[in-house]
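We just call them A, B and C in the order they show up, numbering each chain from 1.
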């Protein structure tokens, strides 16, 4: 079935008494570009963590490329083609940019030489080729963000999960990143994006999924979702009439 | 049946000692989240200190508590400030540093005492029961009592004093605690001092029972870690009860297998607990995974 | 690729990029082998100089042996970031097993060394499998406990290890016995061992396993998300490390010819020593452990000789050194030298 590229059904995560993700279900078709939005604490990163296997769901099912992946460890999911970036960038500090990306490249390019070549190509796509030999600790924030993306891309993923990759970038950098993601999308990459920046959301969504307090309160086109009252109130609070006393 | 009772009997007294030795360790572990490999040597230093108080000042070893405990408190604060505080975010270096401390203390004492065996011929040794390769004495009973008193006192301290609550706040979330105006580093120093002071109490109660040697710390440190892991990192009641369990287990092992193999038994318990239920009996599940990483 | 990045072919930027790419992809194979051989020749210099000095050759023998053992530890401890205190056990097993086969059945240690290494490696992997679930310090504690248990069992089991009395290997010199009259032959043997472990380290460092080990050390979750099977990588690192350590143990056994638990399983003297040398020299670097051995072993002997009357004095110094290194010299000698070199290069 064409809808069965990446499917989430009844996904729930409870931490003790607190339900971070509550019975969320949606389907992603191959080649789609989807944004996941919602106020802080809505459970978006937890959702990602369950998709990639960092966290085990309390209940629910995850399927990817036709197979149930609940039991698969993170590195196997990466092998299947699920790539991700981390919200707090976790580069491998002691290594340089090229070596950082090599780790991902080694997955499908077994020889170190081939991995190096592929890693360099990815860095070039991202625009970090000039900084290939710089230690990760010496990179700027925006460069580290791009390095995160490069590391995920080096896996030759079919789906990439981007967790707030635009945070802290200036408008030019954001524009460049959006252009990059569009290029990758045109080549067939499926994108799942967590984002707060609404301009980015509009640019990077064929569909928007809205989470609030762990519950999916809607999904649909960007303009539609962004103007729905329940979405607005999730971010801004309920609209109240001010009555003078 | 009679054997079982004997084993339980010895085990509990032994367990009192293990609990006493481990409560300080679990406190430090639970709050500051560091591994102090030198914990056994700290205990050993306290024991030699007690012996000194006895030898130089003519103090009854049990009264030496008054002298030993404050000194140990200061010692603990120093260790935290000088060695551990700079290394808070570097677990690997912490391990190296605490191992260095272990080697330093153990051999310093060795050097100073020229390896002579010391022991206190105190009245605590007079009533000796010898069962299954373990010698029991009044000292054991006193240690058990001390252990119980300490864990209760500590419990009240942590629950009902401002300082204790600050410590618990830092344990749960040090960032949040800092935003509440708690000086986290100060709390760490205090906790290390407190943990070391409690270990000082343990030293005092152990000195009349054991023959002192610079390597005696090593005899206890693994048992202490086993107790801490079994009881749950950071849980003082866990350490207390786990101490009893391990005491009984050691007595049973000594009885049914061979006293010489007791540390093999600890290790087995240790490994099994770490694999099956790493959070221990009373610890929070998942603590050992988050373990000693920075809280985000 | 250039269409994606937007640089057109043939432009100066493109040729720059091509040059950069060549630099990135090109493996300096020749340079690596060159450095290896150069380093080894440097290490050989003391051997030539001190050839006839009985006392110094003995120390140099230890230096080479410990350098090799530290390199072996560094594979899982430095590259992999897993602070193992169990290597003393692998060392002891590598000493006891061939020694017993030699004493009881007259089998040459040359034959039993690789066999023992295989056995020890397998055991190491089996024990590490559940233990690697533990993060950082808990793993260290578990390995420390393992060392403790091994010491107890070694003391206890007379038939396997000679118990507390230990094993004495009589002096019957012959190549097949790995027992030599001339001390320099032992020295050469240890040098060969060091050369072997260094070669393994160099190969690993340039290989997929090497990069994966580094990734595991830096950030396990990140590594997993990049497709690294963290457990498998750790087990491979541990297995190789244990095998090499075992071989070192065999050589040690035939060199010193007296084995007992305090000699083999004392943590400060053996188990921690490997880690200590790696730290001082430069943990996680190729040459660090070697440098550490060259600095510390002679210094240790010197201290022991000059403060001979005071038991434990050299360990007091070592302990102090360990604390100071952890606080101030984290990158070891190699790291300090590299930082100095960068500073020198930077100043105009």
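The working rule: contacts are C-beta pairs under 8 Å (C-beta built on N, C-alpha and C of every residue); 3 or more make two chains touch, one makes a residue touch a chain.
As the structure is a prediction and not an experimental result, all values here were calculated from the model.
Student: Measuring centre to centre with C-alpha atoms, which chain is farthest from chain B?
Tutor: A
Student: Looking at A-C and B-C, which pair shares more C-beta contacts?
Tutor: B-C
Student: Taking each chain's centre as the mean of its CA atoms, how far is chain A from chain B in angstrom?
Tutor: 46
Student: Express in whole angstrom the distance between the two chain centres, defined as the mean CA positions of chain A and chain C.
Tutor: So the centroids are 41 Å from each other.
Student: Taking the mean of the C-alpha atoms as each chain's centre, how many Å separate chain B from chain C?
Tutor: From the centre of chain B to the centre of chain C is 33 Å.
Student: When you check chain A against every other chain, which residues touch at least two of them?
Tutor: Where chain A is concerned, no single residue meets two or more other chains.
Student: Looking at the complex, which residues from chain C come into contact with chain A?
Tutor: By the definition above, chain C touches chain A via 1-2, 4-5, 17, 20-21, 24-25, 27, 206-208, 211-212, 214-215, 218-219, 221-230, 284.
Student: Which stretch or stretches of chain C touch chain B in the complex?
Tutor: Per the touch definition, chain C meets chain B at residues 81, 83, 130-131, 133-138, 140-142, 144-146, 148-149, 152-153, 155-156, 268, 272, 275-276, 279, 283, 310-313, 315-316, 318-327, 330.
Student: Residues of chain A touching chain C in their complex?
Tutor: Touching chain C from chain A are residues 52-54, 73-75, 78-79, 83-84, 86, 90-95, 98-99, 102-104, 106-107, 110-113, 115-117, 119-121, 124-125, 127, 129-130, 132-133, 151-152, 154-155, 183.
Student: Which residues of chain B touch chain C once you look at their complex with the stated criterion?
Tutor: Residues of chain B touching chain C: 34-35, 37, 83, 86-87, 90-97, 99-108, 110-111, 114-115, 214, 222, 225-226, 229, 258, 260-261, 263-264, 266-267, 270-271, 274-275, 278, 288-289, 291-293.
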